[in-house]
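Encoded as structure tokens, the structure appears first; notes follow it.
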Amino acid sequence: MPARFLKKRSEKIGLAPGSLVFVGEKKMEKPKVRLINYNNSNLQEIELQIIRESDKFKKIETVTWLNVDGLHDDDLIRDIGNEFELDSLILEDIMNTGQRPKLEEFDNAIFIVAKMLNYDETKDEIISEQLSLVIGENFLLTFQERVGDYFEPVRNRIRKSKGRIRNAGVDYLAYALLDTVVDNYIMSIEKLGEKIEDIEEEIIDNPDPEILEKIQDFKREVNFMRKGIRPAREFILQLSKIDSDLVDDNTIPFLKDLLDLITQAVESVEVYREMLNDQLNIYHTSVSNKMNEVMKILTIFAAIFIPLTFIAGIYGTNFEYFPELGFKYSYFIFWGILITVGLIMLRYFKNKNWL
Amino acid sequence: MPARFLKKRSEKIGLAPGSLVFVGEKKMEKPKVRLINYNNSNLQEIELQIIRESDKFKKIETVTWLNVDGLHDDDLIRDIGNEFELDSLILEDIMNTGQRPKLEEFDNAIFIVAKMLNYDETKDEIISEQLSLVIGENFLLTFQERVGDYFEPVRNRIRKSKGRIRNAGVDYLAYALLDTVVDNYIMSIEKLGEKIEDIEEEIIDNPDPEILEKIQDFKREVNFMRKGIRPAREFILQLSKIDSDLVDDNTIPFLKDLLDLITQAVESVEVYREMLNDQLNIYHTSVSNKMNEVMKILTIFAAIFIPLTFIAGIYGTNFEYFPELGFKYSYFIFWGILITVGLIMLRYFKNKNWL
Amino acid sequence: MPARFLKKRSEKIGLAPGSLVFVGEKKMEKPKVRLINYNNSNLQEIELQIIRESDKFKKIETVTWLNVDGLHDDDLIRDIGNEFELDSLILEDIMNTGQRPKLEEFDNAIFIVAKMLNYDETKDEIISEQLSLVIGENFLLTFQERVGDYFEPVRNRIRKSKGRIRNAGVDYLAYALLDTVVDNYIMSIEKLGEKIEDIEEEIIDNPDPEILEKIQDFKREVNFMRKGIRPAREFILQLSKIDSDLVDDNTIPFLKDLLDLITQAVESVEVYREMLNDQLNIYHTSVSNKMNEVMKILTIFAAIFIPLTFIAGIYGTNFEYFPELGFKYSYFIFWGILITVGLIMLRYFKNKNWL
Amino acid sequence: MPARFLKKRSEKIGLAPGSLVFVGEKKMEKPKVRLINYNNSNLQEIELQIIRESDKFKKIETVTWLNVDGLHDDDLIRDIGNEFELDSLILEDIMNTGQRPKLEEFDNAIFIVAKMLNYDETKDEIISEQLSLVIGENFLLTFQERVGDYFEPVRNRIRKSKGRIRNAGVDYLAYALLDTVVDNYIMSIEKLGEKIEDIEEEIIDNPDPEILEKIQDFKREVNFMRKGIRPAREFILQLSKIDSDLVDDNTIPFLKDLLDLITQAVESVEVYREMLNDQLNIYHTSVSNKMNEVMKILTIFAAIFIPLTFIAGIYGTNFEYFPELGFKYSYFIFWGILITVGLIMLRYFKNKNWL
Amino acid sequence: MPARFLKKRSEKIGLAPGSLVFVGEKKMEKPKVRLINYNNSNLQEIELQIIRESDKFKKIETVTWLNVDGLHDDDLIRDIGNEFELDSLILEDIMNTGQRPKLEEFDNAIFIVAKMLNYDETKDEIISEQLSLVIGENFLLTFQERVGDYFEPVRNRIRKSKGRIRNAGVDYLAYALLDTVVDNYIMSIEKLGEKIEDIEEEIIDNPDPEILEKIQDFKREVNFMRKGIRPAREFILQLSKIDSDLVDDNTIPFLKDLLDLITQAVESVEVYREMLNDQLNIYHTSVSNKMNEVMKILTIFAAIFIPLTFIAGIYGTNFEYFPELGFKYSYFIFWGILITVGLIMLRYFKNKNWL
């Protein structure tokens, strides 16, 4: 099983920086390139076959959003790089899906790498997909690992020419997408959090190994989430303080709002992390409690019946001279002794509050 | 059970920012809007049916405090927003009761989201309610989730025209309300703290599972509290350093005092958090101690009576040639052996300090 | 039992700031007010009945130290406030003994709240008393909860007109008092620390529940101490960097020295906190060790004698056809088997290093 | 066994700084000195016997890379120091393989000490080798402890005159080497991480002591790695912000990229550290679970058969007057009692969910 | 036993600052004062009887190093103070061996307090001795608690007029001494670290109480060390950034080198602290593992032989009507049952992987 917390880079060692090598799992056959071009009056959506086609949109004063699904085709990525004059370091990072989320400023572009996280409830697992954004002067490039994303509502808002989005620029579109990404963080945390809070009660009442396994799984997923969300907070903070022509002052309040949201996400992840730690501790303590109970039962049985068995053993010996055996009432006295000893032991454990 | 540490946002995903969607539990039928208008000579209290009525108070140089109980009516919120020219982001946050406490400056207003926390001693649970404040030039808007609050003493101070409050501005009224909120934090921590300190002794003497459950509950409540109180410290710090026309210099010392108070609240929460961690550790150790005791009792009984039973067993065998059985004093020697072995064992455990 | 880590504020909720309400335990009947007035040539000590009497000292260029023991008399506090023109927030804080230690600058005064801590060795408990200092231009006001303090040596230094104190100003006197307070922190930590270091050895050799109780108690006391000492470091740092006419440059080196001292106090508290954590962990581990030992004894006895008892049991059966029973040497062979099995078991446990 | 986390310095105590004493293990016989000299048109590779030979390359405007394998020959190091006018502190640090990774600026050179880490999968051990770099105006000196390194791909890039490397300066070459070093960090973490993630499942299902040993080993290796990687992040940060003529502005973006990479390395190490802590806790809890299970089995057997044995014991006594023994159906009633008692016990444990 | 982590200050409470009171253990009879005076051509070493003798060295432009062994003679300290015009706060701190390591700047001197730490391998204990340094314009004063120190190699370097030391100033001499002190930190950590790493293996294989005691001891010593070394890092950092005429620019690189060294010391101490925490956790887990093993043995014996004993018990009953007893093959069938039951149990435990 490959390490889930770190993606294979071995094939890249020693290569010159800027070398385009796809690092990741190939999740689809042929990449798909979609382009949306709009301003407040016009809207055009096409699926591109040749990158050159996007050329005509570059010159005019509209917002052009080019979305690529599938990252393994280095020719395609190189073409896009040439078309939009992107630094080779950007292209390299886009193709390396093991990137740490980050923001980098270039002369003509802001480059953002983020993780889209989704809680797959059937597998109880967080699915991570890398999203790269390049914010240019009048274009936004987005790169995803596979077809299918959370951005359909944003596309619908564009299509319906509703709200601020059709009047605002590229930076606002980028904000809208990042907002959707963070919304999904919150939702994933929420789903996972519900499950974490759900086991709370069982931990004390019924600390079986299955619960322990759940705690372990949740811990791993929370850590995995945290690895994607915490650096996201960093770059959203950077973005909300950025001093760049590419980000309009009117977008800043929205980015600050987004910062609040991601901060809440980060804090919630931390809360659940600590909750899981607490749960593990309480679980362990609870197991000790249960063991204590088991031990008490064992001790009660042993302490009552072992002495009684011993007494019975004495009268089972075959000594020829054994005066008591011959007495008529011996048998009843014997029972009397057994019952007395038994009652004394019961009382003793009663006093200890074990019964 | 929905996650308590994160409120459902799923219905909001992909919506444009500023969309008015109520997030939370609807806690009452019809929102209630109360308005208090005062300066140092006059005072007026009315319950508004139509927001427009508040119009006349806006122009004059008095303090207008509009309080809304109930947040689910988006038309009402929108009307208030129009009337007082609030940014749509403010309105959105007011209706989303899952907000992280924060302060945001706008051109014409300071917007604060806080949590009112109350320790419900019957359920041993912290009840949280969202409070939003908008500090405008001559008006203060407050939004709560339901009727009934801690602000009655402040209203009484206004009504009795007693103290500084009738001579000071909107900022001082906001301070007075926040002070009441923080006072309630302190009181809730205090109540919870008493319960936490109370179980201290039982932990060692009587570590039963009920105590463990209490520790777990208190941990959850303390964490829940912390989630509301820590960001409150942040925004009170921000407020006490704010450079805005909306906050008068004379109010700053009061805000600094409030900062001391909330700092104390935050530190107390941390103290109780650590105390609970310590309690859990000590509880666990104490359970081990108890188990040790149980084991000792078991071992003493087993180690004394199992050998004795064995000896009795030997003399219970039916060998035809068994010389000892025929001797006259065998029976007494047998008892002698039993008593000797028993005493040796007792002494052994005495030496081990187990008895 | 009221929460020890937070003092009752409930009676204050909703009151206007500056309201004089005593929060704390009333520790004496009638407050006592003592005044010392001195310069390098003269010295006067009187017990004041009426605050007005202090009037004549205010005008002249001497150091006036007014000490109040007992805080529950709001009239007295109000009179002092009027006499020395103190802000109402100062008066409020003086009467509230649940204050967090802090320093606040006012126009004409520096206000300090500190905790005097004393380790009561008979009860193994830290006793806390609130000390408020107001540093004015030529007067120092100190407020304590009850008669009896650590300041007698300072008074003696003033009386003997020895050393720098009679030539220096109010700020130096304040330093001298704070120095005494910090000295007492160190001494309290030292006393507690000795006890903590003392139990170190017993933890492994003899981890009985009493030791656990001690660890719990020490943890509580160390936390309680820490709550008073850490904020004290903050305000001494503030004081040593203060830019105020009320603190002379010549006093700064002394304040820096004091800062070193309180830093040492804070660090020592942290060291003991960690030491107690370590002790708890080692204690727990040690209990497990002991249990292991108990279990081994039980297992040895059980594993040796249960099989032997079984063998004896076989020859105690009453089968009519039981060939071995009739053989002459059966009895001796029987013993041989018992001894062999016993020795094998002993050797087994010897090999396991259990014996 | 010498301490692995700290290298022997004892022989150096009291010596003047700048004394050349080799600290470390001598890993080869005779040091090997290789020189590569290139610009974008020419390339020369030689193995130097006498350091003086490098003289001719110093004057011309090419990049000269002198690599030394083997550090124990102080004459050689001194010669190089003289030839390239290095500060004696640099030479001392080069020979002391126990150095903490760091960057130091000198007037004419930037001096970097780094650790090359390699995960030896056969021994499950991180192998560390010290790499020192001196970045001069037109030369780069590298010092390694032994022959064989990760730099062959970089040499090949130089040889093939491919990519940016032949056109860029010494700083870029240094970057290329450090990039290779960090790539190897990532790869080592990845290998170790895979093994750490692999044991995850066994921890709950089969917590045997071997797994515990693995956790202990991995913890040690992760800590060892961390000790080399964390300071590396510091000096790469320093380097990416350096204000020196020796580092060209064009190299800065590459250094920032490298900083992202090392940050990812540091974070991954932290993630695995925490994962190991979690694993240890879960392992411990799991052992308690197993013990609980063992105890239950013991208790079930003991609680069922000890009472039954006692009952059999009663009817094994030899009382002369023992009415039941004579009844015809006694034997069957006896069996009835045994079975009833046994069933009651079974039901009892069934109700407790132990079966 | 006095607290080792805090030295007695009680005798000083309430005294004026600057009072000369010796705090510590008196480690020798009569203090010893040695003076070395040198420049690059001359050298003089004398043992002073009267401090006045040092007078003649003060005026000339040479380096004068006055070393005092033994701190309890307040007259001597006062004389030195007068002779070299030291602030009374310096003198007080020199005599108080419970000082926290620190650096203080005065008008004419830099005052440093450090701890010399030495690992006494016979007692497995860190021995601490206070070293005070006063760096003046052309003199260096050093104060130690007793005769015998690590500075002999420095003296030899001075005597042999070898290296930089004879040409450099007082600051370089101070550096050379501090370097020796830090070298000894490293060596002490190394010795302790070796012992800590040595027990690693035994923890899992053989977790006996002796190992636990060692872990406890090492923890205490590491904490003790840390208390001396961490503040040393602070003052060396301060010194390396100092802006004072008393420290020459040429000495700064050496101080930076020293800073690297002490940073390494601090980090190593932290590494060993964490390693000990890990060891304690692993030890505890390992004890649980051992207990599990013990329990398994017990359970196997009990679960096999208790049922068998019960069966034997049945056939030991004395029912008159007991059909099986009379059958000829009963005895063999009986053995058959015993063996079958035994084998079933063995198989059961085999399946559970306990055998």
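As written, the chains take the letters A, B, C, D and E, and residue 1 is the first residue of each chain.
Throughout what follows, a residue touches a chain if its C-beta (ideal position, glycine included) is under 8 Å from a C-beta of that chain, and two chains touch if they have at least 3 such contacts.
Keep in mind it's a predicted model, so treat the numbers as computed, not measured.
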*Identify the chains adjacent to both chain A and chain E in the sense defined at the top.*
D
*Can you give the rotation angle that fits chain A onto its twin chain B by Cα atoms, in degrees and rounded to the nearest 5?*
70
*Separation of mean Cα positions, chain D and chain C [Å, integer]*: 42
_Between chain E and chain C, distance of the C-alpha-averaged centres to the nearest whole Å_ = 26
*Find every residue in chain E that makes contact with two or more other chains and list them.*
281, 284, 288, 291, 295, 298, 302, 306, 309, 313, 316-318, 322
*Indicate which of the five shapes (line, ring, star, complete, other) describes how the chains touch one another.*
ring
*asked:* Once the touching pairs are worked out, the chains link into a ring; list them from chain A, going toward chain D first.
replied: A, D, E, C, B
*Residues of chain E that touch chain C when the two form their complex*: 1-6, 8-10, 12-18, 87, 89, 93, 99-100, 102, 104, 207, 209, 212-213, 215-216, 219-220, 223, 227, 280-281, 283-284, 287-288, 290-291, 294-295, 297-298, 301-302, 305-306, 308-309, 312-313, 315-318, 322, 325-331, 334, 338
_Residues on chain A engaged by chain B in the complex (per definition of touch)_ = 150, 152-154, 156-157, 162-165, 176, 179-180, 183-184, 186-187, 189-190, 193-194, 196-198, 200, 203-204, 253-254, 256-257, 260, 263-264, 267-268, 271-272, 274-275, 278, 281-282, 284-286, 288-289, 291-292, 295-296, 298-299, 302-303, 306-307, 309-310, 313-314, 316-323
